């Protein structure tokens, strides 16, 4: 590979932004050229550790002429404007999910993205998890025959702070959105959504009229059925499982063990340590692979990056799920 | 135990009837006194092997004065009349599920059962499976805290013959009905039902407007969420799993292994033999324990037998599921 | 099968004798005709439950003319005389292991057995365990290529009473003898034995100069290596595992689960219930299959029953193991 | 941590040397200051990638005055001289195992090491594997009571080239030596060794009078028994397991999965991908932790690094194992 590394501009230096910064610095194919955050201390700290010029003004980064691509890891309300600015500057974009909480703003942005021809990827990192990607490839290779039922269990370790819940867009747009994209990773054409939600344990969620527990069922154009089971807490650790059931068999993704050790005593046997703490551990490799795919996309090479349309589709499904839960009926969707 | 064994009258000598006959014969607490089947050869064969007087006329069995209790394993359309006759004769009944495919007929029978004081149990054998019963007991004991989400995966090895599908009452009344009862084993007060079904692979099912694949979600009065995933086929063997997820942890029932042996080679590791063929293997012990519980019920002792009301409730849920799948909306139910 | 059931004479009504009595009674191919035990109450109780004529005198059973075959489950010191008497009477024998604790007595009996042509089987029941038998068949079928290393882990739940230890013949003749036979089930031609033993925890064992913990290595004529790890106690339940390692892979026999349920919490995940209590649970099916094989042997049909020579070979290996542990060197054996 | 990073001198740039170079470069506590290899291209390549001055002459590195500690990853015959030179220069040493193939040369070096007071660590990296370290800590914490039997299964994926076999010192000094150290990690005072070896499949091994398969049993001063099962090939991938069996239970280390995915079909269920390729994958984390411990040792802080005495002890056990296999008897050892 004789390619010059891509100069990345990173916007946002929170938890996810720092993960991306480390991956950019570790990649032979990318360098961290600019780092933007209105909290300039964050930008400076990341730049000091991983390289690049720090700024408080994201648009300076875009206009710098020193970045080849932009990675947007800032708060959701900033995404649409920053995508627009990057696209206007001809800079490929990798934007964290969701594009926005308001589908109208997404749809207003869509023509610009489409017409520009500038690659825009949305950060559905789980597509790059080796286990999920392997199952998808093996399903595609016919190992289990036709896919009939897909089951996704996705539980966070603990509910977010109440103030975050208020701006999160709700469980479907904030958390299930990853599972909607995972469903579409296997079955892109979803045609119907049903969801039921409850606020069983979290006061913050209850206060905001949101749900902490949800079960969503999707129907694909093929007739295949998807079940998504979510909870905002999980005593056993981050619970991330998937089963693809087909006419000829089943492929399963288990939770990631944190130790190879098991204990057997007079009261229990084969007891193991709890699962991982959260997504930073579980999807560490996926984030790095997502970045690699984006580098290929930015270079105009073949890439598995998820697209702006994928980002829109997940939001449509999230909106439909909330509507379904509110109205007690299945909602037809057209992701066309 | 100095009790005299109970004299059982068995009606119906098909596949399930034969299981019950063998269990009655093997029980120290019961004897097979009469066996009825309009196909008299079946009744004679069972009587020859396990004891008792054979008859083609079920009502002769009820009227014989030689049975202490009746076990009804005949086709569904006969259940209501046979329960009524047994109750009229003061004979405790264990009747295979479902009571009937028509809730109106069940409700018409209900007052007689209630007013008679005669014990009537419905054959939801899975309640007696040691694994499911253990999970229920451990949930009740607080091992995982408050129960929030219950997931039941229940897949038959292969779809029934097309002519059976036509009289089965459909997947919800015929197959899911076991899972509805299992849901109520943990969460008796179900208040809402949503279901989605598809005919993905079976021509007989399609021809009858039935489903071969279904996902049902229930909501309990407590807010707890139940997910039931069904398929009429399963290449990997009989797939019968359950997860009880609570605030403090999770209890899981795995599929039953058929061998202790695993194979590891250069291409796969820890590969095991497929799961059991079907319910006769998986629930053999449950059938025997169900009989023991019924003997206790018939004797007026404390018993965990499921009741006529349980049988009715499962049918109400099945009807609601079909209605939900047809109308695309959640259905409220009152099992009161 | 139009065969008349074989009339069995059972000698010895202790724990194992009762298992055999129940299996004989449950078999369509055998009936319990006579039962002998010097403690006549035991014989009477077994005969009352499972059929047959009770006697205190084993030789009356042999001479009765009413038994077609003899099952010897009496104390080890009686085995040689009872085998001899049965063979003299032309009655096929299934004798519990070991034949005797003294190889000289075994060798003195051998010519009579050999010359008589009367089938004599030794009760190495584990050969009939479905898991072990499956692994042997799959090794023979070439699933893992040439067998190079066989590992047997065999631990009893708790040490026997001190007075039994004194007459047991020591751990190698009493306990490991099953594992020696299992080794020969896979690799009949063992040529070298090394053993090391320790008395780590059991006072009764220490008092008798016996071992409660032992590791034995065997070498087969093929060069294949066998490792046997024994302990007289096991807090986790009866520990019975086996690994066959070959050039192309590995076949493993796991401990038998006692429940399908696992528990996951904030402190452990996938914790299951302890293993089975002891051999009566673990090898229940093996005992029944052993009886079936013996019935075939007694009828002159093809049978997998282990032979008098197998019984002798296991004792030779046990003696060599004790000698090795005492002398600190490997012992060559000729099982010729 | 305000410590200045330690300047490391790396001698040897083969497979293991490169692992150490990468870990040094990645460590916040160390820098790669000098790199030596008589094949100067190797030294230059490593220095170019990870930093430092390249030389073909190891003694120049030691004499440079620019290294604070030395890591010896050169061929075994060079170890003794390089340790001596480093100690003479007052430089702490981390030397790959074994110290030497000849115990006499080790013993000749020992007084210098002891009298110098310079820390010398031997590269038994497996002590730092999180799974093994956890089991040891949990045994020490009493989770399974007194340790009675330790079982180590250690199989390489494939036999080394025949020419390497000729200079390897044989399986016990080359491969089992890691397992001897692991045994001593749990039970430092080994007092007796027995081993049996065979050349079952590898022509190179046979040509050199070496073994490709071995079973070794050790006895500790406490009476505890250790079993080590080795093979030079493993179709299923790198096989690295350990069981610590105690009076109160068992702790097990399983093979590391390479994927979270399992496949179930009509012919197999729960089949997973083969295990890791070899030690570079399996012990990647252990190498990094070993380096951290050595940095602490070099700084005079508390460290778990294995010592020169540990390196000597493992070689004594390897020699005793070979002697035992040759002479067919148990060998007493005094690790003093």
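Residue numbering begins at 1 within each chain, and the chains themselves are lettered A, B, C and D in the order written.
In the analysis below, a contact is a pair of C-beta atoms (placed from the backbone, for glycine too) under 8 Å apart; a residue touches a chain by one contact, two chains touch by 3 or more.
Small disclaimer: the values here were computed from a predicted structure and weren't measured.
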{"item": "For subunit B and subunit C, chains touching each", "value": "A, D"}
{"item": "Result of counting contacting C-beta pairs for B-D and A-D, higher pair", "value": "A-D"}
{"item": "Centre-to-centre distance between subunit D and subunit A (centres being mean Cα positions), rounded to whole Å", "value": "41"}
{"item": "Rounded Å distance between subunit B and subunit D, as computed from the means of their C-alpha atoms", "value": "59"}
{"item": "Where subunit B touches two or more other chains at once, by residue number", "value": "144, 235-236, 248-250, 255, 263-266, 270"}
{"item": "Complex interface listing, subunit B residues touching subunit C", "value": "130-131, 134-135, 138, 143-144, 248-257, 259-266, 270"}
{"item": "Touch list for subunit C against partner subunit D, complex", "value": "144-146, 148-149, 151, 153, 155, 192, 194, 196, 198-201, 213-215, 217, 219, 223-225, 227, 229, 231, 233, 235-236, 245-250, 328-330"}
{"item": "Interface residues, subunit B side, partner subunit D - complex", "value": "235-237, 255, 263-275"}
